[in-house]
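In the two complexes below, subunit A is the common chain; its partner is subunit B in one and subunit C in the other.
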Partner chain A sequence: MSIEPLVKSYSALRHETLTRDRGLREKVMTLEDAAKLVHDGNHVAIGGCTVSRTPLAMIWALIRARKRDLVISRSITSTEGDLFFASGVSQHVITSWFTQGIVWGVSKVMRHHTENKLAKFEEWSHMSIGLRYRAGAMGIPFMPSRTMLGSDVGKRVGDEIKVMDCPFTGEKIVLLPALNPDVALIHVQRCDAYGNAQLDGLQFMDIDMAMAANKVILTTERIVSNDQIRRTPDRTRIPFFTVDAVVEAPFGCAPHECYGLYEPFFEHLDHYAKISSQDPVKGPQRYLDEFYYGPKSWPDYLAKLGMEALLDASRRGRSVHND
Partner chain B sequence: MNDAPLSEVATRQEFLISTIAGLIAGCGHVAVGSASPIPGSAALLARARSGGAMRVSVLGSLRNNFFTDGGVELFDCAAQGRVDAFFLGGGQIDGEGNINLVGTGAYPSMEVRWPGSFGSAYLYFLVPRVILFREEHTRRVLVEKVDFVSAPGKSDPGVYRPGGPHALLTNLALFDFDRGRHRFRLRSVHPGHSVEEVLDNTGFTFERPQKVPQTPSPDPETLALIRGSVRDEIAEVYPRFAAAAFAPRG
Partner chain C sequence: MTRHTKPASNFTTSELLAVMASRLMTNGQIVFAGIGVPLLAATLAQRLFAPQLTILFEGGTIGPFIVPGELPPSTNEQRCTRRSNMVLPITDVLLLLQRGYVDIGFMGGAQIDRFGNLNSSFIGDAENPKIRLPGTGGGNDISSLTNMIVAMKHEKRRFVADVDFVTSPGWLKGGRSRANCGLPQGGLWRVVTDLAIMGFDEDTRQMKVLGLHHGVTREQVQENTGFTLEFDDKIETTAPPRDEELAVLRELDPKALYTA
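Showing the complex of A and B:
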């Protein structure tokens, strides 16, 4: 087996792009079928940030499909990182910050796996991750930056970054390698059947991620007509020709949030924090059994979260439109 | 009028708010990051005293953060020199102003792993007045040498670095950072605490004046501001903090 170079050559990237099907065809499928597009060992980039617009429905499907050896990258990693580790789907997460969220303290599951060397939490600075996707999106091999210069974060990443003298100013500058994920998972408020997606609220690193990835799996709160998308093309952030699958998954971020529609399910997340802190092995296992492996379907999962919690999260989420 | 006399004794949090406000007086734009109710309150206090001349951006606030791109705007503003003060903490802080947000032990197999550095080094390099704020003052936090440098206190000559540590505030004391010598100098010790206590609980060496002054307590006017408009404004972002950290209104 040959070792993949850290940065794909431009011709390799162009080859991947050239072999894409760019026809305007419908790509609507189930979570289960979309999961088949992800192969063991793939680099999977996760859209959103912390508990915002996390593509949890797709992650739920990958965990249920018992994927193995995925390399995960994300701007900031929350409970989904715990579940990647605990389920055995991934032992390697690349991120800038890894814990459920500030209000819940440090993730005991992340600590258990990293401190016992069961899994790798590969830390890069937040901006460096964003610039790596940006370079990938632009089709260039690296991005210059001052970020991480002088920090051990940069030193410990080792050969994966380079420091050079800027040819224009003579200053030291860091070169960050392009990141072109095999697959990007992105959840959006709406898209059409072809994969033209519109995002409300913050975009985080999702647009660059979509352009950089070889495949994009979109999950969406609802599928709208192509006519509606064309009415406001300025709001279309991800073009269909980057997209390989469209899955309608209402409440697809629950118990995380989706801007303008629902806020985090705080009681549920408090519950998760409690059981995972009490026992970082059995806690998440019990959680996975109950909420990931047990439910018959995504609606069945939502039913387990509870109607009251769903309505409460929706009421808070939609309150931004109240006045 | 309420007959009950206004408590002239500041709560621990009110005292820290007042002290930080003194450290950022005169700044044009103070930015406050996440999980920072005390620095946020301090920035709002400093703005109230500036007669509105100071701009304050509080992450997570609708009222005091009028544009947002999920934090990108904060970092870009810092790089353009549009942010004058910011706050950082650390699981460990050492005598040269290095901060560690990654964990203890030898990376990557840490004994204790914290959530990570995020963008601390970036802002530490670019924001001129970074206040290091950590309430816990113990030898496990204030160490001679951090196990991991998330963001360094000093840089080699020739590195573009307009920013860096300005002061370190804890529950016990206030230190200034000497950027020439790259070491802390004890400025003052808080009321109820002693220099000996500070020495006993600090893992790094530091300079100190022969006679160490006491950190000034907020005057009644400052306390009234903290318990009035500052509490009301910070409650928008940190309601539980606002309910617990302040003395009852007079």
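Showing the complex of A and C:
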């Protein structure tokens, strides 16, 4: 892994952006080709939050491509964090909360890897992670903020934050370092072939993440025409020139949820929780063999989840429009 | 003090916590609620006496109404957005706390100490933990920026003199230490347990018992606490959960996902 400064210099950041192809061009490709845009050792930011709008199809492709030494960042980390550790794709996750979800208890896989010092869970407060992406999106080196003071969360990240007296008020204030990920993986409900993306429901940190990253891989439930995007430009949240790849991946968050289309696949998630807590090493390994390495293709993976589960998750997902 | 015998209860610990916590809310408040007991308590208050109370979720939702039987598994699913006024990015909903729009932050806790500091990160030494817990999430932000209510089970292993790790700051080391650290606003206001309701002394910021639940003794509370508690001069006995309150909770969570 290359040793890079915590925060990129402004000239380095601008140079990276300058050298990206920002023309209005089609960039539709397969999951496998998009995975080639992610290099070993990259910092990869993951869109969505907990079990919502997780770009699992792209994560599935990265794990199958046997990537190594990725540094992962995300607002809140769920089952995908377990699988990054268990597959050996990453030994370093930067996040505010790391466990499948409250209803499933503390992740045994996260515990196994962190308590045995096999991997690092770098803990920042939720807002701090968001403000770090936002600083990255704004092209500034840090963001002043008022949390993580006085706590051990602040102490534990050590030199990565600075506390200073505000030059205007004299108040104590935290400076959070900008985060400009090498790659952001974001799943949306629809986008066009150029990467103009519209996302429904909760946005989480995805917009800042897209603006901050040096490369964006979009997966989408469906690719729509540019004409359709231009009919409702007010709903476009991510502009095409920040995007480097567009992959159509229906049910691309399964077994997590995608707002308005499908809710979490609860039975499948219960099953994962059960086998991973029974054995935090063999459990996720078996799961990876069955659902990640085994299937021939993404549709084959969905077939393994099962038609009944897909329909049930869809029925619940669409119910949000019933009100 | 006479020792009461505890009446046969027709409610669970989580139901008791939700009821007692709900009674601490006021109509018109903006409440930042976590999943589980906090959400149930805020919704209960909304249904019974605080129709103008607004719930915020750290996932980004402003003013949702939860559909009975469809409680969300975290603050980030579409279930959290039902009939809400607005959905914001996570960072922006958390910034509402920093800007000062939020009256109460409300969450559970794994471990708490005499100054109301909360730990949800490590049991044991952080560099060599016995258990790595899930971490802060928005806890550190919420407790740094607003007044907090914490609801948790009253157990000696959870109520310790000093937490192993300060994930979410309470009054830190007591006195003015919180403000001196750069946290001039907010602080831990109330701790609700299955035995008692506690606040903090205005000067020392030590935890102090303000009320005991029906049939609970001072001794019982002290026995289940890992440090010496102070007791307020005017200790009150709380009224037990009413049928009306329990009925709402059971309608909201018919499968007892969070109230078992």
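Here is the rule we use: the second predicted complex is superposed on the first by the 320 of 323 C-alpha atoms of A that agree within 3 Å, B and C clash if a C-alpha of one lies under 4 Å from a C-alpha of the other, contacts with A are read in each partner's own complex, and residues count from 1 in each chain.
Assume contacts are C-beta pairs under 8 Å (C-beta built on N, C-alpha and C of every residue); 3 or more make two chains touch, one makes a residue touch a chain.
If you're wondering where the values come from, they're calculated on a predicted model, not measured in any experiment.
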item: Fit-or-clash call for subunit B and subunit C when the two complexes are aligned on subunit A; value: clash
item: Which superposed partner A:120 touches (first subunit B, second subunit C, both, neither); value: first
item: Subunit B versus subunit C, judged by how many residues of subunit A each one touches; value: C
item: Touched partner set for A:207, first subunit B, second subunit C, both or neither; value: second
item: Touching partner for A:39 - first (subunit B), second (subunit C), both, neither; value: neither
item: First, second, both or neither for A:106, with subunit B first and subunit C second; value: both
item: Contacts of A:92 with subunit B and subunit C, given as first, second, both or neither; value: neither
item: Interface residues of subunit A shared between complexes with subunit B and subunit C; value: 49, 76, 95-99, 102, 106-107, 110-111, 114-115, 121, 123, 125-127, 146-153, 156, 171-172, 202-204
item: Of all residues in subunit A, those that touch subunit C in their complex; value: 49-52, 75-76, 95-99, 101-103, 106-107, 110-111, 114-115, 121, 123-128, 130-131, 133-134, 145-153, 156, 163, 171-174, 201-208, 257, 259-260, 263-264, 266, 317, 320, 323
item: Residues of subunit B touching subunit A in the complex; value: 34-35, 68-70, 75, 102, 107-122, 125, 148-152, 155-156, 158-160
item: Interfacial residue positions of subunit C with respect to subunit A in the complex; value: 35-36, 58-61, 73-74, 76-83, 87-91, 94-95, 97-98, 121, 126, 129-141, 144-145, 165-169, 172, 177-178, 181-184, 257
item: Subunit A residues within the subunit B interface of the complex; value: 49, 76, 95-99, 102, 106-107, 110-111, 114-115, 117, 120-123, 125-127, 146-153, 156, 171-172, 202-204
